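Next up: the structures, one after another.
One chain, chain A, appears in both complexes that follow, with chain B as partner in the first and chain C in the second.
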Partner chain A sequence: MAIRRGRGVAAINYPTGMNLGGDPTQALVHSTPTGNFMVTLSSVDLGQGMKQIMAQICAETIGVPTDRVVVDTADTDTGPHCMGTFASRGTHRAGNAVIQAAREARQVMLEVAAEELEVNASDLETDGQGNILVKGAPQKSISIFDVALSAHFKRGRSISGRGMFLIPRSYPEKETGAMKPSTCYAHACTVAEVEVDDETGEVTVLTVRNVFEIGRALNPKMVEQQLVGGSWMGISHALYETTEPYYPNRDHGGTDFNQYLMPGPGDLAQTEIIVLERPSADGPYGAKGPGEMCANPQIPAMANAVFDAVGVRIDTLPITPERILRALKAQAPN
Partner chain B sequence: MAKVPVQFTLNGTEKAEFIDSGTTLLHALRDKIGDTSPKGGCHQGTCGACSVIIDGELRLSCLTLAETCNGTAITTTSGLSEGGVLHPLQRAFLDAFATQCGFCTPGMIMAAKVLLDHTPTPSRDEVVEALSGNICRCTGYEPIIQAVLTAARSNSQHAA
Partner chain C sequence: MELRKNYFADQRKDDLHEIGQPRPRSDSPGHVTGKTAYFADRNFPGMLHLKMVRSPHHHARIRSINTSEAEKHPGVVKILTAKDVPHNVYTILILIQIGPEDETVLADGKVRWKGEAVVAVLAETERAAQEAAAKVKVDYEVLPAVFDMEEALKPGAPVVNEYHGQNYYLYDSGECRKVRFGDVEAGFAGADHILEQTYQSSPIEHAPTETTGCVVVPEGNDRFTCYTNTQAMFFTLDNASIILQMPGSKLHFVGGTVGGGFGGKVDVIVEPIAILGAKLTGRPVSFIYSREEEMQISSPRAAEKVVIKDGVMKDGRIVARKVTGYTDAGAYSRHSPYGAQKGAGHYPGPYTIPNVWIDTYCVYTNRTPSSAMRGFGVTIGDFALEVQMDKLARLIGMDPLEFRFINAYRDGDMKAHRQPTEGAALIECMQEASRAANWPVAEKYLAMSSYTKGA
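Showing the complex of A and B:
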């Protein structure tokens, strides 16, 4: 009987979004009379940072500071359609829709500015600070504030745009069954080190080292935050969490928080996060979905580490002490 | 059923309410008084999201009857900032990206505040211990631990 150490590796390939019959998200963008911009979505921000990222994307596209953009989310009665924020699709799908809507709004904004400045709209550019300048002659400029006022009160224009992003439905090929469920994949690799007590079956996670390839990180601090939390959640899925410990038998299934096991602040593994940015071809400013995928590679890495430590393959989650002990017993020579 | 009066100070302001006997402090704060900073996660004392400070002690407001709080001084996270300036713990949570959905955050900050009030320069283990009654689904705890340690450092610099 001993504490045994093991190391496991796993790599994953994770689709951004999910295509079960077409995967659309729509967005609307319009300016207020004072040149702030409103993004209207039905996508939900439940802590993943949807509002911040959509504000950044809209601001970047229109050419205003991020704090000039207000994002209104999650009214599915009245907002433009969104399939939902799941399957790591929010940034990618809604982001692309916001870019399209913001481009259309930007075009109207430049047309109004062109009329005010008596130049061609194609000769104008934005400075990112809320001003529109004549290319090559920046002393000739107008603020977006004044452009919006003019559009609303003088020229009767609506500085607004419609955005739509759709991954069309992919049908399986008859011969091979091959299909294209997604257009964009994130990747991750985890190396985990564990100690397994072969007497009690307890697993202690020592280190979890992750590399994530997530396209371009539109907000690096928020990406890091997601990956740190996700890595922890991957460990939690691998070793702790279940509502159905003896599925399909309901015995001992938790019924509330009290009986739902997750690692607490005292059970943290030493965690390392490395981000690789490889901009995606069809992502908004190169982004992919770093959401769900970041909690996946830890699970097979942990299973492999347990195998390395004590020589048993646990193929049911979570990898509980009981499962390890039963497997060790089954394997032991009589 | 006859209502019972309760009176306490909440973040320095006198509050008086008539409540149904048996109302939890969490319910009274959120639904009667309108301070929604304490969150109701489990309503059975296991998640820490409803944590408040009563007379300097950390308490679970979901397990505290409001009528037992007569004459006490209650602090919630919504009372921490002063004149629009965030409390060092709030600042540290922001700077450390120690909050995602934010549901656990007020409870975490309450637990951390009681820790720092008693132990201004805690060790990492003391921080972990102080937060161990609070569940977070999103952050993986490490950013929260770092935020509390940072707030403690900024406190001690302040005092020095």
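Showing the complex of A and C:
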């Protein structure tokens, strides 16, 4: 009886969005009288940070600092339609809608600035700090604060924009299954190292090294939070979780966090996250949807690592000590 | 976290001001100081609490329901049964024309899973609602149930859901969603090795910090405001409108700040019945799942069975892959027909294989209906595919990582569902993993690129 070490690898891809249902999201953007910007949506922030990302996307597109943007979501009386937050679609779909709305608002903003500065709108650029400058003559400038005041009280313009992003529905062809299930794919490769106690069947996850390709890390800190959390969830799915431990028998289902097994802080491996960026052709600033993908590759990587360690295949999730011991027993020469 | 900018550097312009910056989240301080307002933080004078009477049986006919004792319980204001729900038989994907309507808001004549909602009790306090729910008497005739997908698909199995008529979802393509590419049997015939393996999972809970729920307020203007933690505002509003036979203009949904979803909050379960309660009593109604309901009543990730048969050559090329996937939907469709179909579009994984055959089934059994969860239609498939890849590599005596390089898809490769590959990055992820994990592979694999075919 011994503690045995093994490692396993898995590589995956993941589709962004729900093309097979039709996939629309809309956004509205408008300025306040003092040049702050409101993004109005009906998209839902599940805690993953959608509001912050939409604010950064709007700010980048209009050319203002992120703290000049407020995101108002989700209220069906004021926010335009969004299919919802699922299928790794939130950042990709809503982000594209926000870009379109913000571009329209930016255009009006530049037109008002052009009238104030008596130049052509096409000769103007933003400095990202809240000012609009004449290209090549930055001393000739106006603050966005003053532009918004002018639009509201002098020029009678609405600095606002409408955004719409729609992936039309793809219907699978009946006989061949020809379909377009997604717009872009995120990718991952994970290497996991485990120790398996062949006396108890217990698995200790030592390291999980994840490489994720996500299109573009719009906010690297938030990407890190999502990817680390996903990697932990992968460990949890591989080794612990189920509402029906003896499926298809319905008995012994957990009803609280004492009975429903999940890893505690001490059960989580050393987790490494490496991010590659291959911008997607149709993503907001190249982003893809890594929200779901990031919890998947750890599961097979750990299953393969368990095999590498003790030479038994556990093809049924979760990979519990009971299953490992039964497999070891079945394999042992009598 | 490390951003490895050396990959795909030719495809990016790093000229952005706000994107790519690690700005602190504006909502974080509220979350960590307890100041963020979630739906359940709203309290209204006169608010009622809704509790469900649930089926203790996996499959049973309802002979009778007697609510007279419960009605007399102190604090009880209203008791709802199937006849009170205007459009009681519904299905959520009817919004995208995926029917038939197959589920009841409150059970009518039958229950098809243990935990199914039968009677709704509205009372002044949660405790009174719970106590009164225990006094509702339902007379059941227990029916044979089926829990195993294989058993459910056999002729003569108990029919789980009469709205389907058989224990699988009927696609326009027949009993399963199909993908056919190349000639899989010819591929097997020419293969050096064949490996057929079966993979299995069981249901998994989303385990959000905040359980599913809503608070509904009848407004003075004949409208209803529903504070909810749904993941999909208009999807839920539009389904509630159908179930309640109420114009959508009467409904105002407020949400968008949710304590974790993971796909568990895209079923339309709590809102319609809570709005109905508010309408019939004229009072605000709160309906919030307990942790037990969240774990055993709300939809889990479906159990899946995946059978993979591969033909592989000694040199590492996979020449044929046949996948049969089974999704255990439980008693009702919810999102499962979509998930099974999404699986069909995902197989055979990120590999270029010339001959592919995919069948994915959505199967009904007498268990808690499953539905969407993070990685819907893909997560369990990836487990099966990637364990299978490991087995194949070992079968032909090849390093598992090198084996994946040989089969990895690249730009321009035709996928089984007949879309050309664009924006591939699997090879680069594996190259970086090889480096980071100190898992050496031959130089020729490190020289590969997703951009082009050939070495």
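One rule holds in what follows: the second predicted complex is superposed on the first by the 322 of 334 C-alpha atoms of A that agree within 3 Å, B and C clash if a C-alpha of one lies under 4 Å from a C-alpha of the other, contacts with A are read in each partner's own complex, and residues count from 1 in each chain.
FYI, a residue touches a chain if its C-beta (ideal position, glycine included) is under 8 Å from a C-beta of that chain, and two chains touch if they have at least 3 such contacts.
Worth saying up front: this structure is predicted, and the values here are computed from it rather than measured.
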Kindly classify A:Glu60 by the partners it touches after superposition: chain B alone (first), chain C alone (second), both, or neither?
-> second
Name the contact category of A:Trp232: first (chain B only), second (chain C only), both, or neither.
-> first
Touching A:Pro245, do we find chain B (first), chain C (second), both, or neither?
-> second
Dominant contact partner of chain A by residue count, chain C or chain B = C
Classify the contacts of A:Gly47 with the two partner chains as first (chain B alone), second (chain C alone), both, or neither.
-> both
In the superposed arrangement, which partner chain does A:Met222 touch: chain B (first), chain C (second), both, or neither?
-> both
For A:Asp256, is the partner it touches chain B (first), chain C (second), both, or none of the two (neither)?
-> both
First, second, both or neither for A:Pro265, with chain B first and chain C second | first
Name the residues of chain A shared by its contacts with chain B and its contacts with chain C.
-> 46-47, 49, 221-222, 224, 228, 233, 256-257, 262
Across the complex, what residues on chain A touch chain C?
-> 7-15, 18, 20-22, 41-47, 49, 51-52, 55-57, 59-60, 63, 65-67, 73-77, 79, 81-87, 128, 169, 172, 174-182, 184-185, 187-191, 209, 211-213, 215-224, 227-228, 233, 237, 241-245, 247-250, 253-257, 260, 262, 272-281, 285-286, 291-293, 295-297, 299-301, 303-304, 307, 313, 315-318
Which residues of chain A touch chain B in the complex?
-> 46-49, 221-222, 224-226, 228-233, 256-258, 262, 264-266, 268, 271
Along chain C, where are the residues that touch chain A in the complex?
-> 1-5, 7-8, 11-12, 16-27, 31, 58, 93, 96, 98, 114, 147-149, 172-173, 177-181, 197-205, 207, 230-235, 237, 251-263, 265-266, 291-292, 295-296, 300, 303, 328, 338, 341-342, 344-346, 349-350, 358, 365, 367-368, 372, 374-376, 378-380, 382-387, 389-391, 400-401, 404, 408-409, 416-419, 422-426, 428-430, 432-433, 436-437, 439, 450
Residues of chain B touching chain A in their complex?
-> 41-42, 44, 46-47, 97, 100-103, 127-129, 131-132, 135, 137-145
